[in-house]
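Chain lettering (A, B and C) follows the sequence in which the chains are written, and residue indices restart at 1 in each chain.
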Amino acid sequence: MIRRWRSVLRTPLGIAATALTVAVLVLAVVAPILWTDDANAVDTGNILAGPSGDHWAGTDNLGRDILFRTLVATRLSVELALAATAIAVVAGLVLGTAGFVLGRRPGRLVSAAINIAVAFPGILLALFFAVVFGVGATGAVLAIGFAGAPAFGRLTQTLVAGIESRDFISAARIAGVGRLRILVRHVLPNISEPLVVNATIGAGGALLSFAGLSFLGLGVQQPRYDWGRLLFDGISSIYVNPASALAPGAAVLIAGLAFNLFGESVAKGLGVGVVGGIPALPPVVPTLVTDEPLIEESHQAGTDLVLDVRDLEVTFPGARGPIRPVRGVSFAVRRGEAVGVVGESGSGKSLTALAVSRLVGEPGRVDASRLDLLGTDLRARDSRAQRQLLGTSLAMVFQDPMTSFNPTRRMGGQLAEVARHHQGLERRSALARAVDRLRSVRISEPERRARQYPHEFSGGMRQRAMIGMGLMGNPALIIADEPTTALDVTVQLQVLDLLQAIREADGVALVLISHDVTVVGEVCDRVLVMYAGRIVEDLPAAALSGEALHPYTRALVAAVPDMDTDLDQPLAVIPGRPVDPADVPPGCAYAARCPLASERCRVEDPALVPAGPGHRVACWHAGEPIDIEIADREEVRVP
Amino acid sequence: MSELRFDDVTVRYGHLTAVDRVSLTVPAGQVVGLVGESGSGKSTLARAAVGLAPVSGGRILLDGRPVPTRGRRRPLQMVFQDPYSSLDPRMSIGESVAEALPPGRSRDERRAEVYRLLELVHLDPGKAAVRPALLSGGQRQRVALARALAGDPQVVIADEITSALDVSIQGAVLNLVRELQRELGLSLLFISHNLAVVRYVASHVAVMRGGVIVEEGPTDRVLADPGHDYTRELLAAVPGSTPSSRPRRTP
Amino acid sequence: MSLASSVAPAPRVGAPARPWLRFAVRRLGRLLVSLWVLVTASFLMIHLIPGDPVRAALGPTAPASLVAARRADMGLDDPLLVQYWHYVQHLLTGDLGTSMISQLPVSQIVSQRLPATLQLALLAFVVAIAVAVPLGVSMGVLTRRGHGRRTELAFTTSSVVVGIVPDFLVGVALVYVFGVNLGWLPVAGNDTPDAYVLPVLSLAIGPAAILARIVRVEMVSVLEADFVRTARAKRLPARTIYLGHALPNALTASLTLGGLLLSGMVAGTVLVENVFAWPGLGSTIVSSILNKDYQVVQAIVLVYGVGVLVVNTLVDVALALIDPRSTIRED
């Protein structure tokens, strides 16, 4: 908490804004004590005079010093702004939380009222209230306060709605905690930070609005004066003494900016992390001990390789130095082969897919000693030929079909543009091909569907359309990143079947990334198991149950119940939690959770070495028996 | 031990009928699994039971009496899906658990009770002052279980409690659920989209689709001999289920 | 997407029938309710003023008989509901009452003054959007994914600062620089084309800065969206990705936030007109408030309110045209 506030003060803007805000507040306290007499002194010899040694900003129509008056006016201006802000905040809080406290129906009414009020600009509301409450300081405070209330109410409402939808609120309600108590104990503490930040920004806004009202002559009345009033008086003599308008104008501006910028930098400091440049890390030691081919017999069918990846690394800049979520991954995919990549969140499996398809954008960095697609080196600079190759030979399928299509464009057009850009088809024939591809992925009425928008498709249909988009070219490889995770099980089956059918019909290779070891085991020929950015085992899918050698693979298979799991035994448990890519331990990354771990494991990272036909494993204790009874106790570790 | 009974329950949101005249019984001390796909109404049914969704028809009964959804005594408790949303980030895990304790105890008694509950879910009670941000998803779900148990419930509803967890952690939470259910003799309504998980935990299973329960019965019977087409469809879609002669998995 | 169904009704597959008709009906309904609230508020305004508005307008020296006669003219002695009924009736026939000070029909004052204000607001709209959208889009592309951190800092800081400065202060500064110091441009009235420059600029600069910042932020976040990744996976040229895929989506999000900014400019004319002695509604409403000419104030508040509602409705229609999803979004 304190550290985050300190980060506010680290930016130049934050320092400046904080210093200015403090200065304005100090001035508001001391200026009237020090200079009230100077500000009221009438110098009849110097009426409407320009800046001089005696009067740095000149004098007004009674010969009073503009600079002193501006300084003294700080207190009244700030006081009025703060009073108006307080009214806006309190009224806004009442409005914004009313829905939560009163329940659904009355809440909807309040919310409709806020919606209507917030559509009207603050100045208009302020003018309305200024008429009702009368011209003068009190009227203006009330006017600006109430004019700010709807916006603040809306903000509160949005924040409350965000917290209200969280399960801990439901849990508290189920536990029988009253609504008001939930508001005080759970809701308000969780929204206090943005509220305070916005109140600060609001104070800046109120200060400026107040100046606006006074400038119109509707705010503070003589003989009292705030900055707006001084400005009102000064603008009429701007040709005689410009400083009489510029001095109070500058004061308003500086104070308004101070509050606003202070709020903005606090908001930014509390919300956004620090990202620096990307220093190049020394490459990790190649994980292959020998330079032998990754797949047996591949020397006789060298052209058979669709994808060949060696020592792939992905690096991101982090707050405490570079983070490397993919740490030396080597594998190859043959024509028509289905390779599964399994791993938990943070294992680097999705990044591996993105890196292979050259979609890791900046600030990420991809390094590899080989990255070949159909014999073409993808590490070369982006060129038209390379884009053409990737656009037509590589198909990508992403996890969330809802967000992976452009919501503002029709489906047909989104498919067709691939053919237009890479195959040079014109609009009409590209669209015809799109319709044909939609039909090929079993979408009924493809002509009608092509004219629809993504939101008019169901989830499974969208995912099939995504596959269809990949088929606009003539792909040799489909990379599918968790293609079924967001789908229901029955829909998942359809999508997997479709991928299988495409593979069989056209000899397309498939890289299927999933957290679900059973899905991968069923669909793929070969499985790569990833942990902490490395491949820890590469084995035939049929060997998953029974012949896996790495303790992680074995535990992963045993920890997931399937339809044959023994109901009388507890499930296998992997203690601890997955490794944070920002904090990978030395030695084998799995050692901390591994029942077989020895001293060597904690020091020396095992390389991925052959362990039988079509089998590679990275473990010092591969295949050793494991005692399944592991203490099922989670310790809370406090870093 | 208590019996939870849904009697002809309907839940509507505007024109949409999320739950359509559902009758379902969770017998005392038993685990009933409720499976179905997204939008089938299974979570809505659960939320209706604890008063989070409006019941527009039918009754929800606990041992023959309406489930209390007001006041501090709540014999029906629920654990939610998302471990990152179910704990107040501003409260220590001990406070979160303590909040659900029935009122009317001394400070020391409450503290002792929180310790006992954390022990029960295999968390170190010495860490009661820790904020949830320091816990993993699995650990948070343990805290959520402890909080549900703090209300001294007769029935617990578990709504997809493992589907947001990493696979290596899911097993431990499932083990804990089975252990707690047996030790405390809880009646449990276990909601999941994953048939294999339901099979592992529940003795009875109900299959829901489009707001209606299409099939229910003892788990082994329903899975071995499904009576409804949709159940068969679901079973066929379970990955790894098609070749039933797959080699048995051994760790 | 969670696999469990949530509290909210499950998303329905496909769109409801005739989404445009439903959108039009819903949007029109909202406009009518807002109009009714506005009319009622402007009616109540006079009645919320403490004391007797006629006495306040005519001054303490006016004879009691005159005050009574004027009150009777205006129907102020009738029951409130009857007055409300008359007020609405008169509004529907275009009768906005009579000024207590000048004795002129208020509708005549409004129709004389409205064109100048409309011109000012429309020109400022056009300038603000023409500056903000290209600026925001190009800054978004330049500062995407942590690129150009210095550019981003400079742009964000300056646009925040410029955006905060209220339009009337911009006006004062422009008057000082271009009117007083350089003497290049006129600083009052709207008699010559060059007299439009400073008022339009003072009204447009602040909103343009804020809008540009919003467009940049939206552009940067849209460039991170899954569908932009899809577009990159299709290996489309950068121009197609930025202008064809990212821009429409960035604009919908910007319009949602920027709509309020545009309606704010309608009301912003009040202050700017007072800086430049612009013969529009804004300078009239202020003098009328000070003269306690409440009939005129009431009418102008109503006109401004209608202007705001029109802008908001147009923004929603524009949104619906760009993003078909917004026609089925419940509000």
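Basically, a residue touches a chain if its C-beta (ideal position, glycine included) is under 8 Å from a C-beta of that chain, and two chains touch if they have at least 3 such contacts.
Note that the coordinates shown come from a computational prediction; the quantities given were computed from them, not determined experimentally.
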* Computing the C-alpha centre of each chain, which chain sits at the greatest distance from subunit B? -> C
* To do: Please find which chain has its CA centre nearest to the centre of all protein CA atoms in view.
  => A
* **Inter-chain centre distance, subunit A versus subunit B - centres from mean C-alpha coordinates, in Å** => 31
* Calculate how many whole Å lie between the centre of subunit B and the centre of subunit C, each centre taken as the average of the chain's C-alpha atoms. => 50
* Structure fact -> Residue ranges of subunit B touching at least 2 other chains are 37-38, 47, 52, 81-82, 193
* **In subunit A, residues with contacts to at least two other chains** => 488
* Can you list the residues of subunit C that touch 2 or more other chains? -> 1, 3, 7
* **subunit A residues touching subunit C - in the complex, by the definition given at the top** => 13, 112, 116, 118-124, 127-128, 130-132, 134-135, 165, 204, 208-209, 211-212, 215-218, 231, 235, 238-239, 242, 245-246, 249, 252-253, 256-257, 260-261, 264, 275, 357, 359, 361-363, 387-388, 390-391, 396, 398, 400, 402-409, 417-418, 421-422, 453, 455-459, 466, 469, 486, 488
* Interfacial residue positions of subunit A with respect to subunit B in the complex -> 166-168, 170-177, 185-186, 189-190, 344-345, 488-490, 492-493, 496, 515-519, 521-522, 545-546, 554-565, 567, 570-575, 577-578, 593, 626, 628, 632-639
* What part of subunit B is in contact with subunit A in the complex they form? -> 37-38, 47, 50-52, 70-74, 76-78, 80-82, 85-91, 96, 99-100, 122-124, 127, 130, 134-136, 138-139, 142, 144, 147-148, 150-151, 166-172, 174-176, 178-179, 193-197, 199-200, 223, 233-234, 236-242, 246-251
* Asked: Contact residues on subunit C for subunit A in the complex?
  -> 1, 3, 7, 13-15, 33-34, 37, 41, 45, 48-50, 145-147, 153, 157, 160-161, 164-166, 168-169, 172-173, 175-176, 180, 225-227, 229-237, 240, 244-245, 248-249, 252, 260, 263-264, 266-268, 270-271, 274-275, 285-286, 289-290, 294, 297, 301, 304-305, 308-309, 312, 322-325, 328
